[in-house]
């Protein structure tokens, strides 16, 4: 399953073309809508006031409710594009945004309104594609879950990566603010509100698990290794700045005897399992049958009301910029389904379609 | 510039084919040999006792000392392959290694001796390819540096990512144990020796900088974005388990007002620069003209002398394994040129070859 | 420039996503509409009675009339989809069509109506993409032309491939039935009408030239060689069954002394040129500065009114099928802009976008 | 299965890296050697006097005689490289060769000796890779055959593409000059000897069949369609200038009623078959279960003893060139295993390796 994203925040529509969807896959539009709703703005008091419902119109690749196997195009109309909001800051490079990099890359021809093709809005078609991938994976007994690992330095409870509780993950995942520990979730929400009150924003992290992947998928070789595959997908999500597999960064201060996942002969019918899962289900770029686990860091929303230093890209002069209003002070909760989508799409690439 | 690695630890030879090397590039074999020496085992008391000199024989793609533009194959003979070392543990899955994953992936036909195609030895041709890429980048004024960011929890001094001192990085990079702060380097070495004495190993982290990259390279789109490109390359290095751009994981507990890199009009002839470089030189998947900076976490060497639990892959029975001798208790110092090589190769992909 | 096609003949819309369009390219919508009109059905008494105007709605990648450099999606609504036409023959594999192959490939889930994703209608977005590519190539002084080389065994006049008359090709290309020799064109039209009267169809061939390509583009290596690149694109056009470069099949009965294109020092400022152009502007997979010339064979339209033997795919029983009415008895004239589009897209891949 | 070729005619060695070889595949080195011998020069009085035995040394990817699943590198030393032969004509662009195109592409840094990377000698590693692919396909009941379709205008007997005699093809393929009709083969040989006596060369064509491919492999989409896949591979063979599927170019003068392959319910257990096989086993880019058949045109060897016009690339002055001695007056017989190899590799790409 491969995808091609298109669209800009303030153009007529955004969308995605998915290739390699297995023919016969039932496109459960209720499930898809529920996934879209998890990412959509306006779901809570914490998020952007832009209120688009993100209804996906499937233009191709589905026949009588099921995937036909041909390229599947999902289209989302932009219904709340207020382009007059952006003209005033046309030439001011917003700190933390891609305005300046894009200006050079696209030689001044980029659609600058609302971030254009760089807008977080482009994660909506990604969630659609992820929902299709999840439906395909579900048929193979594979599930993808994610929770908020931290916001503003407040960490969620930690998961046992070797034997996570799928039922609990499923329940947690249903809510708009998926945390394992509700008390810590309250603290996170409080931190978000405080940041917003200060005209500021906060960052965080998301942990994602893929359960049910068989052992033996992937390769140590460049472009087939599962870490590379997942990395390619998650770093395509705006605002992701770090990626850790399993124990991740903590490996740096561990000893081998702690870090190694020893094998135990626990499965009656299957192969050995590991007692711990520091490696996040991957050895040598190949799945080892344990849950695949990774964590991404999401930087704070760069759009903040506080005034910042910048430069006018036309004149080269110093300037000040404050970005008004409609932005999420923390995109981490809404990014949860996006990270899941990237994981689902990455993992789908491990399966050939033809034979 | 693209590459294809081949070879196994205990086969006759390992090597790499490089495509897209710019015709006319002078292949400075002294520089290449010095890069190979940085990675080679046996350079210090701290490393593996396997002592292969890793001489690269260039079989193609070079004519009269310069790249011809055709595929360039570099071959390294395996001269110290003692296969009898490995037969005893044929069926025991070494914890933290790919043995079990590979066994399933390759259906029992994998070359298990010394890790086979999964061996860290495969990083030798990668360093060769990286050296070629560095020579090509140098012609464009681009340099790649790395230092040991931490070992066993001991952190090196931190770098100013917005205006690093290239001269100092160049000096530091020449040594076999590249750290900014020698006192901390001593402490790291001490920790390595302690781990070795305990039959154990330690992990660490490497920070890499690419200086001189022009702004405007890359794309937000999947597979062209610079984060994805670098990620794909570094996760192909065995033992890399985390990747952070710029400030990386620390973004998770920052506010937007701290995290954003404000713009200042400092370059007389060029565009704006940023006062800080938390984003590691990348916005929206595109270079912004600041140093590209990333950090990778290297897990502790999984081969340790301490006895560990494992499973016999043939019988499914529990067993114990202790891995004797020749392994580095810490591969971080030798991984420094490997990470640089991956960065050089990734960045080379940003430049088209034809026009 | 790369593309992703989507859509089915009887779905809501068909379209294409184009990546790598150079930012700043003015999207001349009049030119694009004129290209679309060349392919559209209903242009003459000779073609299908399906009458869709094929208006392209650009959904992304264009800002203020110019390409922004982001993925460009062009959408064409299906306004004349009469699905009731096709239900009767649901299970009958039409000879010469992909029905049976698709039935196995997509396991019975394919959209069978009007050929679905296999429909010749999918060439409409291809012509749109080709028009964009032509606009980009024109800025580099590169032009693409094609004419009908033969229909029903009647051959057009032959072109001097070493020094074709660009002005004449430009004029010829403007008409709905592009031939060099109008008398032979009349004979071709007559043959088409006769075939139609007989309930049958005819095949033909199209010769395409790319003028203005600089020498030195391409590579002998797999996937970069220009013959492979063009082949990949033209064989994606339904009904193309043969591809010849330059003198093509006639090489088989030539001697080397006839076949070789000798070099002559004719260009004052440039390099040598060849006296003949049997090689179609390509040696070793690389452009040599001469016109790139190739010819494709288009098989007769498989949809014919004459009754043919077939099999019911559900029951496995023998059956008879006659395909009524709206089909072109010869698609060669309408395929001319499609072949040009494939050539323009293939050649566009030779140019890097970034530097 | 994907491949990367490397090497030059007069360098130390040429070779290939094969990725995706199925683990466990027994590497029958006798079969491989017999395939290499079919292509090797010096096999008959008709071919080049260069006499290299083309022994392949397998450097990686094979363990205990079987493919390990890791990248497989096959290396062939160049033992008969007489570079002094070529220095005299360093700056003369040989007509019909890539010298001039390569000179521009590689900016004068190409290895010009004996054609360098463009040499027909690079087809040796391709035949090796093809032999590996054939071994893999044989395990699935798929066989690849080719015969000389014509030389110097003399055509071999024609094959029934709908039900070819596999046994006879197998027998024919064993000989050094594979034709169906020996009398016509004699006439071809006579034509070759006449051309050689005249200091000239002749071209020809090769027809290739793939038997046993299941129906339903491929896709109409760009890059997955079987015609595109085969085209990409065969146009990577030097001297191939045309490619026809099934009836090929003859489609241009046929009517639909003749061209269409009607379906008949002949297989007891399988699906329908076609009564004829004009489409060469492919509809809409997908296999239909019939033999996949294609024909390639091989241009006459450009190296001829007759004097030809050329240009000195350094001075730009007109010159004359006659190419002495060791070249085949007709490479068609030796190209037969090369075309088979390309077909085997192309078809291997249709099968996923993992699941």
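Labels A, B, C and D are assigned to the chains in the order they are written; within every chain, residues are numbered from 1.
Simple rule for what comes next: a contact is a pair of C-beta atoms (placed from the backbone, for glycine too) under 8 Å apart; a residue touches a chain by one contact, two chains touch by 3 or more.
Owing to the predicted nature of the structure, the values given are computational and were not obtained by experimental measurement.
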Check your understanding: Of all the other chains, whose mean CA position lies farthest from chain A?
Key -> D
Practice item. Please work out the Cα centroid separation of chain A and chain D, and write it as a whole number of Å. Key: 46
Check your understanding: So how far apart, in whole Å, are chain C and chain D when each is placed at the average of its C-alpha atoms?
Key -> 27
Review point. Any idea how many Å lie between the Cα centroids of chain A and chain C?
Key: 39
Practice item. Could you list which residues of chain C touch at least two other chains? Key: 4-5, 19, 70-71, 105, 117, 217, 220-221
Exercise for review: Between the chains shown, work out who touches whom and classify the graph as line, ring, star, complete or other.
Suggested key: complete
Practice item. Over in the complex, which chain C residues touch chain D? Could you list them? Key: 3-5, 93, 95-102, 104-105, 117-118, 122, 150-153, 195, 198, 200-205, 215-223, 225, 227-228, 231-233, 235-236, 238, 240-249, 251-265, 271-272, 274-275, 278-280, 282-289, 297-304, 306, 308-311, 313, 316-318
Review point. Which part of chain C faces chain B closely enough to touch in the complex?
Key: 19, 70-71, 217, 220-221, 350-355
Point to revise | Residues on chain B engaged by chain D in the complex (per definition of touch) | key: 4-8, 11-15, 17, 19, 23-24, 57, 59-61, 63, 66-73, 75, 105-111, 116-117
